[in-house]
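I'd like to ask some things about the structure below.
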Amino acid sequence: MADGIVVRDLNAWFGNAHVLHGIGVTIAPKAVTAVIGPSGCGKSTFIRCLNRMHEVVPGARVTGSVRVEGLDVYAPGIDPVQVRRKIGMVFQKPNPFPTMSVFDNVVAGLRLGGVRERSVIDEAAERALRQAALWDEVKDQLGKSGVSLSGGQQQRVCIARALAVEPEVLLMDEPCSALDPIATAKIEELILELRSTLTIVIVTHNMQQAARVSESTGFFLLGELVEFDVTRQLFTNPRDKRTEDYITGRFG
Amino acid sequence: MAVVAAVPRVEAQAAPRNLGDQVLRLVLRAAALTLVLLVLAMVVSMVRASWPAMRAFGWRFLATSTWDPVAEQFGAIPFVYGTLLSSLLALLIAVPLGIGAAIYLAELAPAWIRPPIAFLVELVAAVPSVIYGLWGIFVLAPLLRVWVQPALGKTLGFLPLFQGPPYGVGMLAAGIILAIMVVPYITAVSREVLLAVPTSQREAALALGATRWETTRIAVLRYGRSGLVGAILLGLGRALGETMAVTMVIGNRPEVAVSLFAPGYTMASVVANEFAEATSDLYLAALIEIGLLLFVVTVIVNALARLLVWSVGGPVKAVRE
Amino acid sequence: MTPRARRGVNVLMSWLAALAAGLVVLPLLMIFAFLLWQGASAVNLDFFTHLPKPVGEVGGGMANAIVGTLMLLALAAVLGLPVGILGGLYLAESRDRRLPWLARFLADVLNGVPSIVIGIFAYSVIVLPMRRFSALAGAFALAVIMLPIVVRTSEELVRLVPASLREAALALGIPQWKVLLRVVLPTARAGIITGVMVAIARVAGETAPLLFTAFGNRFWHQGLDQPIAALPLQIFAYAIAPYDDWHRQAWAGALVLIGLVFVVSFAARLATSGRFTGVR
């Protein structure tokens, strides 16, 4: 069985706008893969196709196939809910649920997924918060509203929330773009720690970040995957002229 | 790494697969359908209940002015006349006040004074109709009888509008009380319309050296014109259907009189007064037909008003009333 | 026009507009003053605890009408709120083609229908088949009046819930229905409560639709299928009666009614100003 994420001939539309063109790529398991490219090139759309979040937008459409850790995501009869349980997602702007406390935010996925046992929930919360390097900072304010924390803390609550359901894959869409450098450094550290247990795909605008955290990188342009390679290779010795233009800042 | 042999082309749809989703979808749709069916049932039940009167009188119902329950002769003219006249009178007073107040609240007033006044206007709209009626009977009507009507009679008495004995209660009282009641609606909706005018319009005029008032006149009012007409129509819709306060001060006599001092009757108030004691089926049917007529008229006025208000602010936001 | 004249016009128009605003709120102050002057003396313990006295006897109260109004409001809320809130949720969330448009339009239409017409409707669908006036018919009429207000405010507030929250919840693998009921609706809750209170304040003073549905009752109610007293009905009946003592009671009733309406309106306002944290 193919592990990791295998994408074949993936196309995506918003209404009539064709925004992803025949993407094919194999993403290694238990590693960090970065997705880079100029604004509007389809990075977000691409990772949202991996956990079937793309179809949430009215009028959006997908064709092609995606396999995630052996699960055929777009096979008939597959419930998107089942896919998204397996795949956690962290968004650009921290989005904790404002009506819930920090604790309730972290365990929201478990609770709403039907887990009732107090001990299981408590354990999962602590584990996820520790993984997100937040436990020591918030263990005394678990009852506080999720929106009362700082931006960086909120984003780590969101990461903990995604980790609490023990996903096999974590998708991150520019998780640091709303954060200051210190908070960014924390999250990068976190990514490096998580990579031994999870398959991580991270979209970023920041090429240094991609270079720091990822093993492989994909470069998107105008809805196409121009180049996909080992990160060091891609940044030092790109095969495609367009990639080179982009990483040397000669683009646009 | 195994190769993916066959690549299936699958179109993903957003159709819910899960039972909970399907149930919730049904429940939500049922709630919306309930609303639709309710309005439908309203029309059907009223048409059915007024059918005897429609059959007995046909269009004559709208063209005759006898209202005689004993002889079972029913014509709606006095009520239509009373409704239109009292509403017209109300708008005559309420439109300048309402739009003036809206201009003040949206354009000219100092910022700190706007929220409290807007809140007071909301409260004016929140006072129950029956309390306006109570006030109308015991304060407004005596005031009119003792001071206003004699004075009007002396100065403008050559006009048929201001002739006849001063009763206090009557068309004039109804018009004034209606004006008081609809003016907060006109103010509130006009204010929303004015606030929806883009700032760039104002800045363009201010940059030309216009004063605040000139800016209001040439940029804001002109831009929001159709919305303001909508606001007035919303006020008209309220005035046409307002019941209790009018019933308490209009005098309740089914006559067509020119004088504003004379008692009159409106569609809403005849239903309010006579419905519970309508003994014969035909009588009841005639009253329900008046209700149906009122329904149709207010629906048309309101639909027009919404379209006009939407033309400025857009349809998504509900009109605050 | 000279600049001076233009400035003069500007000042004049500002004053005229201020005057208009003053005249709009003046009746409120007059009515309030009168209510206090005429009604305050009759608002005493008896008023809240006694039944109305027969004609000719001085004293008595409106206890039955106060309880009746509260019961009618509660029953109307039970009938109207679930449909209203779910309907609003539907309007905000559904991707159906025609029904949302139609329902939204009809909600606005219904909002403009005079309440007396809704009274006729309640009469023909509830009073006629049951062959008697009843609390149920009155509450039904009030519920129909509340419905469009609740539907439209709920819709507006559910729309205000940021899409990012929905996405966060969906991405956790939570089914759509749970996302709506457990994340979206609670986030919009404070605003919806405000909308509900505004709707209740609006129908609390309604008289016309109760005239031939709830009908009124000089005694305690005897069940939901029986006529029931209501404060606005009682005020109306006493206002048009020829007895001074009844007039005094009508003013007192009006004072209590307006107090009820204003308290609910104020509460609604507080609910929005305080609890909206987090939703932008």
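Just a few scattered comments:
In order of appearance the chains are A, B and C, and numbering begins at 1 in each one.
Keep this in mind: a residue touches a chain if its C-beta (ideal position, glycine included) is under 8 Å from a C-beta of that chain, and two chains touch if they have at least 3 such contacts.
What you are looking at is a predicted structure, and each value in this text was computed from that prediction instead of being measured.
Located most centrally within the structure is C, per distance between chain CA means and the overall CA mean. Of the two chain pairs shown, A-C and B-C, the one joined by more C-beta contacts is B-C.
Distances between chain centres, each the mean of the C-alpha atoms, put A farthest from chain B. The distance from the centre of chain A to the centre of chain B, with each centre set as the mean of the Cα atoms, comes to 53 Å. With centres defined as mean CA coordinates, chain C is found 48 Å away from chain A. The mean-CA centres of chain B and chain C are about 16 angstrom from one another, to the nearest whole unit. In chain B, 14, 18 are the positions where the chain touches two or more neighbouring chains simultaneously. For chain C, residues touching at least two other chains, in rising order: 95, 175, 178. Multi-chain contact residues, meaning those touching two or more other chains, occur in chain A at positions 56, 81. Residues 6-7, 9-10, 13-14, 16-21, 23-25, 27-28, 30-31, 34-35, 38, 82-84, 86-87, 89-91, 93-96, 99-100, 102-104, 106-121, 123-125, 144, 147-148, 151-153, 155-156, 159, 175-178, 180-181, 201-202, 204-208, 211-212, 215, 232, 235-236, 239-240, 247, 250-251, 254, 257-258, 261-262, 265, 269 of chain C are the ones that touch chain B when the two sit in their complex. Looking at the complex, you find that chain A touches chain C at residues 51, 53, 56, 58, 81-89, 91, 93, 95-99, 108-109, 112-113, 145, 147, 158, 161-162, 165.
Those residues of chain B whose C-beta lies close enough to touch chain C in the complex are 14, 16, 18, 20-21, 23-25, 27-36, 38-39, 41-42, 45-46, 48-49, 96-101, 103-105, 107-109, 117, 119-124, 126-135, 137-139, 180, 183-184, 187, 211-214, 216, 234, 237-238, 240-244, 248, 268, 271-272, 275-276, 288, 291, 294-295, 298-299, 301-303, 305-306, 315-319, 321.
Touching chain A in their complex are the following residues of chain C: 95, 162, 164-175, 178, 182-183, 186-187, 189, 277-279.
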